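In the part that follows, the structures are each spelled out as structure tokens.
Here subunit A shows up in two complexes: once beside subunit B, once beside subunit C.
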Partner chain A sequence: MKTDAMTTLEHVNAAPAQTWNWLRINERTVEVPAIANISNGADLQKYASEKIVPEFRDLLSGAGAQAGAWIDLAADTVKEVRIAAGTSQEVLLCLGENEHVARVFVQVEAGASAHICVLCFGQNLSAHNVRVLVEEGAVCHYDMLIAKNVTGRHLESFSARVEKDARLQMHQYVLGSTLSLSGTYVELVGDNAQLEQVIRYMGEGKDELDMTSTCIHYGKNTKSEIVATGVLDDEAKKVLRATIDLSRGCKGAEGSENETVVCAGKGVINKTLPVILCSEDDVAGNHGATIGSFSPEQLFYLATRGISPDEAIDLLKESLLEEAQAHLPKEAQDYIEKWSERG
Partner chain B sequence: MAISKPLIDITNVTALAGEKEILHNVSLALDAGTCHVLMGPNGAGKSTLGHVIMADPEYTLSSGSIAFEGKDITDMPTYKRALAGIFLSFQAPVEVPGVPLYSFLRTICAARPELKMTARQFRKHVHELADELEMDEAYLTRDLGVGFSGGEKKKVEMLQLLLLQPKLAILDETDSGLDVDALSVVSKGIDAYRKSCDGTLLIITHNTRILERVSVDRVHVMVDGRLVDEGNASLISRIDAHGFEAYTQE
Partner chain C sequence: MSEKRAKKRTEVADIDRSLYDFKKSEEGYERFDDGLSADIVREISAKKDEPPWMLDLRLHSLELYEQMKMPSNWGPSIAGLDMKNISTYVTSGSAQVDSWEEVPEDIKDTFERLGIPEAERESLAGVGAQYDSELVYHNMREEVAELGVVYSGIEEALHGPYAPLIKEHFMKLVPPTDHKFAALHGAVWSGGSFVYVPAGVDVPFPLQSYFRLNAAGAGQFEHTLIIVEPGANVHFIEGCSAPKYNVANLHAGCVELYVAKGARLRYSTIENWSKNMYNLNTKRARVEADGVIEWISGSFGSHVGYLYPSSLLMGERARCEFTGITFAGAGQNLDTGCKVHMAAPDTRASVSTKSISKSGGISTFRSSVVVTPKAENARTTVSCQSLMLDDESVSDTIPAMDVRNATAQIGHEATIGRISDDTIFYLMSRGIAEEEARAMVVNGFAEPISKELPLEYAVEMTNLIKLEMEGAIG
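Showing the complex of A and B:
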């Protein structure tokens, strides 16, 4: 195996409903080290299928088929977790030190509760493909953090199927990494299934952030809420594709997506593709986006307390970091503390 | 004998908002440790004066100068004036989504070397102040001002006043519309500030309730962008009874 052989993964983070290609926002490609002698991204899928736990075979990978297959094959860590009905369990992954690429399957049985937490500290390339089945009445929390000052690249793929009366809560903190690719795909198949997804991101320097979030409503009275908030500074580049698909039969469903981004740097490139697809009458879907910076009044207020305009942006960034820290489970917080102490 | 310099010395300031001249040749000097009240009818320019002292970029000076502790600060930007020890509390404090109150308080404290504290001391201090002002501690983790009532916003302003202990505090309380609770918060805050340090106050208000607990050294009256009168504390009750007619009818 030649160590420098590369594979190009195609259709990564693709938006379900594509727009003009010249906008260069629909999807992207990414170069990763080749696995064995498979140099064609499309061929990866054939080899990867045997790695997939049977119950998860028809659940798509969040970042796309090729990216998912590459992670499945490249994985140096594999977790197959079944959380028995009525019990609860934590699943914690720390990538970038001893483990770099993870393939994870979590089956949260009826009425059970799961807390999945993925922390990424990689200085090279790290990746995870997490697939979750949230069965009837179960609850799943999924937290993901790419820590600040991470200089490596990270590829996140997350997908879930949420059954009747079940709930999925996601918090993704993309605070570092020179290139972060983050693709999530959620199916609300059962009636009353719910998704709450919070995305917080921060881009500095020449950071590149590429995110796709797709939620498909099948069940009746399903609810989804995607809220993204971020700060972009310097020459950071960001793409967010957020799609809520209210498919036929999901009567009474409600979906909303909202993004607030503060662009601080002059070289920032900020692209958002918000899409609501609707094939059902009796549903509510809405999206909003606010692009802003501090208003003159806000800047003056902060200045009267001794905060200069430059420091105002730092304050926003620090607040993001603190929120991420405070939100994560105790074990993850300890880990982050240890990591940041080591510098 | 050396005559001590005033803490702040505003000399012949004429200020504009865009093309419009709002303050005309205003001069005002406040000695350290004294308490002043600025009164005047609506639209007189009182808030503008507060903002000009703080270098709000909304306003430009066409003439005049401002000195603080004997040093010319006319060209100093707002945040440096704040760090030098001037504080302006807002009538209507702004909201800053994305910045929790606690993070904000820690940042403004950390910017001042004279307030150096450990994280634990800071935490304790903030909780004590919140207690003193009867502020619900749940507000500390909320985004600054977002969803706060008028009274809660006032408490946050007073909390900062007590935390920062500025040499000069300008409290802009012009408009009525504050409920009784909020009023007592402000007067409590002023009281605690006066007790905790030898601060100087410029209170912009008509509300005698706010002034109940403070001893006022000097009262200044502003009409149409000019300072037209000045006197001791008895001027407050005179204006309370007769309004500003004596100044507005010429």
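Showing the complex of A and C:
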């Protein structure tokens, strides 16, 4: 991947339903090193198709077609994992100094259980494209951490198809990185399929966070819940596009999304696009967003306990780090500890 | 409301949409060729004996229109609208008058059936009535005129003492560069109203403009300019309707509202265009310190609608309240909502919308809330509720927020759902027929909007919902 030539990837993290272009919120472009002779982002898709395991070919990439294709082609790490019916397995992927770009396919067979964990420590450019098939009655946990104080850029693409009675639980911690791009796409195709997605983020300095989360309900009585919480300090910029699509036929489905953002720095830019698309009447969809900072009353209360506004923000950030640390599997925690000691 | 008028409305509710859907002959009317050209633009300008700056603006707008494209990544399709088949100027040729007696018989009959003269007598401070491309009637109560309030046709005002004021404000809030149909409006605008409310004047009754597009395959491009000086207060009501044709009609009006320090303007609209109409209207208000803009917006008609009244809160403590309802039925794709731009400290905005989708109708709520770095302690709440009446329809919610000040507090909530079977069962167990029960629930859903309207218009809105709800079972 060592090359000076660059390729521009377009439609990265695109929201499925878009709005006024002057808001510059719909999608973005990103510059990445060119691969071989392919200088055009659109051409990447032609060459990438052969890299995809056949069962996953009709599953979209979470961060967009061009971004997904670039990761597939640039990958220096490839994992193809099949978790047999009724069994359980952990899949750990650490994108540090040696592994920069990874292409991962995980098939969680009926009744099986998977725990996929992706850790990103790259000081340059790292990326991963994870595709998951969660078959009938299976459970899949997906955890992703972009560690604090990472100075590089990271591109995450995650997509999953969730079958009948299956469940996908996602925890994404975007706690650092100069530029974090995170795109997820989940199809709830089977009846009673469920998605629980927790996004925690923190932006400091001039960090730039760009996140898209899309969940499409196809099956009856499917459920999705997307909860995002974050702190933005200094001059951090953040975009979150969260879409719940209640498509025709998903009777009894329920989808909800909620975001709470604490804006702490005077130069922060926070953009939020919480979308609900609905083509079915027998459903319930709701979204909420709260954007702001501590109220004078809250600050007064904290002050009476000896906590200054800056310390309050630090406590919030600390809580995000501790939650990430506590949530990740043991093997991942050990890895983070080693990485921290080394750094 | 008189019995006669109530009876007419009841008949319409029971039978058909004839209150709005009746056509008048165009015999003897002047109609410009379909399509758009510099010659047509010059002809419109010459007809109105405009100052040179206006012709320049028109021709510049035409150039922009030809260069600009519609966005390809959002919004309903307007593929069925071909400007080559739209006449941009149609007039009966009758001069604007200030007495209903002098209005030509067939046009007068139109407005009488719509209840405009009667409403004027009963509850309005002034009325303007536009028929196709030209105003045919404009009048204001003497006592309101004595307060110094100006309410006239904008073209008439362009030739009077307010001409410099109009030049200073015309298409400054909505420049022709804003979007393709703002450019089209700049090129071919015709008719519309000018309102000037002097400082400290409280206009006791609402002013109303009613726009009727009778001609098939025509466009209506009226321009409304309202200037409310410091401390003044006025309520302006806008109504519109058209008979249904099987060819496309176009409405690309423009509304520019200037609300000065401490002034208040309420702008109410009940839009009931026919379902062959492409409604690509632009409305924008600029609000200075301590000023208030209140939007009440009901969208019931049109085949395709793009409508997002926007509020620029430029002065400290400026406020905006937006209350809207959209009802999308069969064959309708209505993309509605609002924009709020907060650019000063302590500004406040409250947005509350409802949308109803039925019989394959598509309703999209689209909004933007932008908080600039200057908007210290800005506060906004956005609430959006959508009701799906069947599984053929679509209801989308696309709100965007861009916050660039850490002291701002923004709250947003939205829900989508349907009328629960339990509610209908409960009402039916009390002897209410299913269709009526559903209409009751929908009217209850819309009640927060209708209560903001004057009684006459609230009744009209309720009747429109009733009309739309006919045959809603199944």
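Here is the rule we go by: the second predicted complex is superposed on the first by the 341 of 343 C-alpha atoms of A that agree within 3 Å, B and C clash if a C-alpha of one lies under 4 Å from a C-alpha of the other, contacts with A are read in each partner's own complex, and residues count from 1 in each chain.
Throughout what follows, a contact is a pair of C-beta atoms (placed from the backbone, for glycine too) under 8 Å apart; a residue touches a chain by one contact, two chains touch by 3 or more.
Values in this document were obtained by computation on a predicted structure and should not be read as measured data.
Trainee: Once the shared chain is lined up, is A:189 touching subunit B (first), subunit C (second), both, or neither of them?
Mentor: Touch partners of A:189: none, neither subunit B nor subunit C.
Trainee: Given the touch rule stated above, what does A:175 touch, subunit B (first), subunit C (second), both, or neither?
Mentor: neither
Trainee: Please indicate which partner A:265 is in contact with in the superposed arrangement: first for subunit B, second for subunit C, both, or neither.
Mentor: It touches subunit C, and subunit B stays clear.
Trainee: Check the contacts made with subunit A and report whether subunit B or subunit C touches more of its residues.
Mentor: Per-residue touch count on subunit A favours C.
Trainee: After superposition on the shared chain, which partner residues are touched by A:21: those of subunit B (first), subunit C (second), both, or neither?
Mentor: second
Trainee: Who does A:303 touch here: subunit B (first), subunit C (second), both, or neither?
Mentor: first
Trainee: Look at A:63 in the shared chain and tell me whether it touches subunit B only, subunit C only, both, or neither; answer first, second, both or neither.
Mentor: neither
Trainee: A:236 in the overlay: touching subunit B, subunit C, both, or neither? Say first, second, both or neither.
Mentor: The answer is neither, since A:236 touches no partner chain.
Trainee: With the touch criterion stated at the top, can you tell me which subunit A residues are shared between the subunit B interface and the subunit C interface?
Mentor: In the superposed arrangement, which is not itself an observed complex, subunit A uses residues 295 for both subunit B and subunit C.
Trainee: Residue numbers of subunit C touching subunit A in their complex, please.
Mentor: 71, 73-74, 366, 368, 370, 386, 388-391, 393-418
Trainee: Considering the complex alone, what residue numbers of subunit A touch subunit B?
Mentor: Residues of subunit A touching subunit B: 229, 231, 260, 262, 294-298, 300-308, 311, 315-316, 318-320, 322-323.
Trainee: Okay, in this complex, where on subunit B does subunit A touch?
Mentor: 51, 54, 56-58, 77-79, 82-83, 87-88, 90, 93-100, 103-104, 107-108, 111-112, 160, 164
Trainee: Considering the complex alone, what residue numbers of subunit A touch subunit C?
Mentor: Checking each residue of subunit A against subunit C gives 17-21, 23, 25-26, 246, 248, 251, 263-266, 268-293, 295.
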